[in-house]
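After this come two complexes, each holding chain A, first together with chain B and then together with chain C.
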Partner chain A sequence: MLKITLDNLPKLLAALSELGELQVPCENKSGKVDFEKWNAEKRPRFDITLTSKSAKDLFFPQVEDLLAFKTKGKNLSIEQIMPSDKKVILMGVRACDIKSFELLDKVFLKDPVDTYYKARRENTLIIGMACSEPEETCFCGSFGIDATAPGGDVTTWITKDALYWQANTEAGKTLTEKVADLMEEAEASKVEEQAAVTKAVLEKMPLANFKVAGKIPQDELKTFNSKIWEEISAGCLSCCTCTYVCPTCHCYDIRDYAVSDNHTERYRCWDSCLASDFTKMAHGNPRKTKVERFRQRYMHKLVYFPNNNEGDFACVGCGRCLQKCPVNLNIVKVAKALEVSEDV
Partner chain B sequence: MQKIAELMRAKAVELLQSSKAERVLAWRAGEFFYDNAPAAFNDVDACQEIVYNEFCPANLAKYLIEATKQQKKTVVFLKPCDTYGVNQLLKDHRIKREYFYAVGTPCSGMLDVKKIKELGAKAITQITCEDNKVIVETPYGTKEFAKEEVLLDKCMMCKGNEYKIADEELGEKLEPIQFVGDRFAAVKAIEAMSAEERFAFWQEELSKCIRCNACRDICPACSCEQCIFDNQEAPVGGKAAADDVEEQLFHLIRAYHVAGRCVGCGECARVCPQGVKLGLLNLKFIKDINQFYGAYQAGEDATTPSPLVSYKENDPEAEEAVQRRG
Partner chain C sequence: MCNCGHHHDTLIPQIGVITDICTETADVKTFRVEKVGGGKLFEHLPGQCAILSVPGKGEAIFSITSSPTNEEYMEFSIKRCGSITDFLHYEVEVGQQIAVRGPYGNNFPVADKLVGKDILFIAGGIGLAPMRSVINYMLDKRADYGSIDIVYGARSVEDFVRYNELSEVWPAQPDTRVHLTIDRPQENWQGNVGFVPAFLKDLQFTPDKTVLLCGPPIMIKLCLAALVEMGFEKSQVYTTLELKMKCGVGKCGRCNIGGKYVCKDGPVFTCDQLDEMPDEY
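And now, the complex of A and B:
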């Protein structure tokens, strides 16, 4: 394990930014902390537990162009618009968000492989950061995620005075070799101490004993027909907040945009199963009511996804939906209701 | 507030049992003290779960659209400020009076958990409110705040404790938050900017938007059957934060569309996950309407037509309006 004092941290960041586009949590113009490209003027906010939005934008941006159609006389040309092949170093990712990349991989890297996602994913090196001040809305532990050992190509821990650094993968080791000069050898004891304190705090959090695995009936039809849906969805506004801030939600729409008479761009943008026009076909939206659409989001996360992915739920317990839903509906409420519902 | 919750539960049960209504709209407790959710309660047993405390900011007015569609007589608990939204929905013919029974519910100001967190309370395990103190427990120790520090922005512009529509009132009215200062101060500051500065200000502000549409979906004045921004035929994507121009147009069109109907409830700004200062846009319209056509408060009642849809001979001409604005 290596370490660098916090006073010297800007030197490490500068060195990393020479090796690729360094993305770290920074306060943006909204006063929110989100991943942003670092430069010497920017102060990283590693003190914030979670970024406002998740890091999925880095691989799966909210809007991206896919193709361009251009006509010239009678000729039509089609160009694929690929993401740039710049190297990205994504630093300060928490354990829950790192797990979310693994889940997104199951969607986008399975056949048929999503070339756009793959290109970005392969060009990105991930530096995880252990949590030391979890929030009450955190429940990563419910999914077996260890907030104090986030993984990634490199794992880091921040204490009062230093950043500790441990390479995990080959790519992580190669990166470490390039910046090791700036750091010194360190014992793991400080990090272990911190982890013990963090775990003690996590145990005091309101959701410490909240479990999903084994609690929710995985019988698709039974859960689908549960009588909880009508009542629990009543307050939902059908906005897209929960979907957009969620690190594991991955639905998108593909649309065409006419740039000019002879130039059209095909782009994709995030979509949400809560939206009234989601998967709208000639006959309309197959899920006509809010109840059905609301049910879809949670059935997907809690039942369909695990049934198709070796039991992995499509939730990592980051708690963003708990923090951001305008009417305080969220996956915990749904999971608890399903658990106690006698009819499932 | 605990007493009010008891009164609410009793009232809900009474109204269901006397068959005055089929269902009840109120708030249900969450995982933490501060995350009560708007919820429907369909029977007497369920009504025992009704909660009320300093964290029930959501206006239940908009759920009455659903009640009207389902033609189910619904009890709705309304804080004084919520009643304006109900009147506006009535005026816009989006809800019908025969489908709801309004119970005025006293309020002494709602609190903002975001402010509590911004002031440094992390990992909240308990919040207690005593008079003007808010005590927050965390594993790192107890923090105490003055109520004014952590009031919701919308409550700092409290319109008072009168119910503008109610079939009955629950208990005694509570002392409303005293609003101090000029509610248009922030708007005036923007008006004082040069055109370029103003453009830059709004460009930056609106570019934060992620097009989740929460602001639209909670708004009691945004009640179209189908929003123009959900139109699949349109060449632009209503849910894609595709480019700044679209976001700006979305907000400008929405602001114009609710002008004269916006009740100034502040819900749009409260729910925005990106902290876009939406209230400023609406307040600007309210200020201009007041100035051009005389003081007007949308939602004050369910009948007075908005100045923007009525004609008076002394209405200012466009040129005059510009002059009057100075």
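And now, the complex of A and C:
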């Protein structure tokens, strides 16, 4: 294990930014902390546990161009806009978001591979960061995620005065060799102490005992036909905020944008199964009401996804939906309601 | 996948050219699509779909109505119902290039489970489009299958798609019968009048046939009920579903029914499979 004092941290960031585009949590102009390209003027906000948006943006951007069409009379040409091959170092990712990459991999890297996602994924080195000040809304432990051991190519821990550094993968080791000069050897004991304290804190958190596995009937029809949906969805505004901030939501749309009369660009962008026109066709809509759309989102996360992916739920307990929903609806409420309704 | 040598993403279409347009009914046209310079853009199996697009009008998914045994081109019978289909109907002329990607989805099991079976096709309206791919495939490999019955219903005589094949070509094939019905009586119409589910009962099919059923969701539900009454097992009835789609590969999250993605796990399902899925189509 290596360490660097916090005073010297900017030197490490500068060195890393020479090796790739360094993305760290930074406060943006609107006062929110999100991943941004670092430069010497920017102060990383490793003190913030949860970025406002999840880090999925780095692999599955909110908007991305796919191709350009050029037309000439009846003729058409297609130019693929190739996925970026720039090297990115993504630093300060928490355990929940790292787990979400694994879940997104199950979608985008499954045959046929999404080459845009794959290119970004392969060109990005992940430096995880252990949590030491979890938020009240955190419940990653419900999904077996250890907030104090986030993984990634490199894992880091921050204490009062230093950042600790441990390479995990081959890529992480290669990176470490390039910046090791800036750091000194360190004992793991400091980090272990901190982890023990954090774990004790996590045990006292409001959602510490909330569990999903084994609680919700994984029988599609049974949970689909549960009585809870109408009542629980009643307050939802269909604003889609919960899907946009969620690290595991992956619905997208493909749209065309006319640049000029004979030049059109096709892009994809985040979409939400909660949007009223999501499944609307010319001859009908299989999910006409909010109840059906709300049910779809949670059925996907709690039943369909795990049934298709070896029991993994499409939630990592980051708590963003708990923080951001304007009417205080969230996956915890839904999961608890389903659990209760099973006893009835 | 195309074989142009480039590494394509599945979301990136190829260029096809429309080489023929046939007006079938007031709101259905059949478009013939080839590679620029001739030949098919890709191989497919009966029941599979392709996503067509016109720049600026977006994409839409259509079943491939021509048979895989057609070596020269693909055909799509398209009903007019919105942005891209309006464009195809009103603006497109022969020679127009369009963007095509595919094939997507599974197929009717023509090479295994359907071999040797007596087949009953049931189609309503534009539902003939995916059926036609299977019918022509089977007729090209006639010896592999038992008897073939085709029941097809439309609003009126003018609404039959591919009337020439229906009335002349198919009935002339060995052990092949075509049974047509229209919703309301019409002058000079000698055939049956009435809805398909009732017509099925009148025709008294024995439940030893394997059924391929395609049409609007309500017709599927009613025909299935009629078939069950007649003694058919739901596992003997194949159908194909149509939902809104974007990616075609089970990623954009748009076309699922329960845990199944229609674009990838479908569009072909047996009706006993549908019973295990939420009623959301």
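Quick notes on this one:
Note that in this section the second predicted complex is superposed on the first by the 336 of 344 C-alpha atoms of A that agree within 3 Å, B and C clash if a C-alpha of one lies under 4 Å from a C-alpha of the other, contacts with A are read in each partner's own complex, and residues count from 1 in each chain.
In this section, a residue touches a chain if its C-beta (ideal position, glycine included) is under 8 Å from a C-beta of that chain, and two chains touch if they have at least 3 such contacts.
From a predicted model like this one, the values you see are computed outputs, not experimental measurements.
Superimposing the complexes on chain A yields a three-chain arrangement in which chain B and chain C fit side by side.
Using the contact criterion defined above for the overlaid structures, shared-chain residue A:Phe313 touches neither chain B nor chain C, since it reaches no partner. Using the contact criterion defined above for the overlaid structures, shared-chain residue A:Arg255 touches chain B and also reaches chain C. When the shared chain is aligned, chain C comes close enough to touch A:Thr71, but chain B does not. Of the two partner chains placed by the overlay, only chain B lies in contact with A:Ser52; chain C stays clear of it. In the superposed model, A:Asp271 lies in contact with both chain B and chain C. Judged by the touch definition given at the top, the superposed model places A:Trp38 against neither chain B nor chain C.
Across the overlaid complexes, the C-alpha centre of chain A sees chain B and chain C at an angle of 90°, to the nearest 10. Shared-chain residue A:Lys280: touches chain B and chain C both.
When the two structures are aligned on the shared chain, A:Trp229 is found in touch with neither chain B nor chain C. Chain B and chain C never share a C-alpha pair closer than 7 Å once the two structures are laid over each other. When the two complexes are superposed on chain A, the residues of chain A that touch both chain B and chain C are 253, 255, 258, 271, 280. Within the complex, the chain A residues that touch chain B are 28-32, 49, 52-53, 62-63, 133-137, 201, 204-207, 231, 234-235, 237-241, 243-245, 253, 255, 257-258, 267, 269-272, 275-277, 280, 322, 324, 326-329, 332-333.
On chain C, the positions that touch chain A within their shared complex are 6-15, 53, 55-59, 81-82, 85, 93, 95-99, 216-217, 242-244, 246-247, 249-259, 276-278, 280-281. Contact residues of chain B toward chain A in the complex are 30-32, 35-40, 42, 46, 58, 62-63, 66, 122-125, 139-140, 204, 208, 210-214, 216-218, 226, 230, 232, 235-237, 239-242, 270-271, 273-276. Considering their complex, residues 66-67, 69, 71, 74-78, 80, 83, 107-108, 110, 112, 114-116, 220-221, 224-225, 250-256, 258, 264, 266, 268, 271, 273, 278-284, 286-287, 292, 296, 299-300, 303-304, 307-308 of chain A touch chain C.
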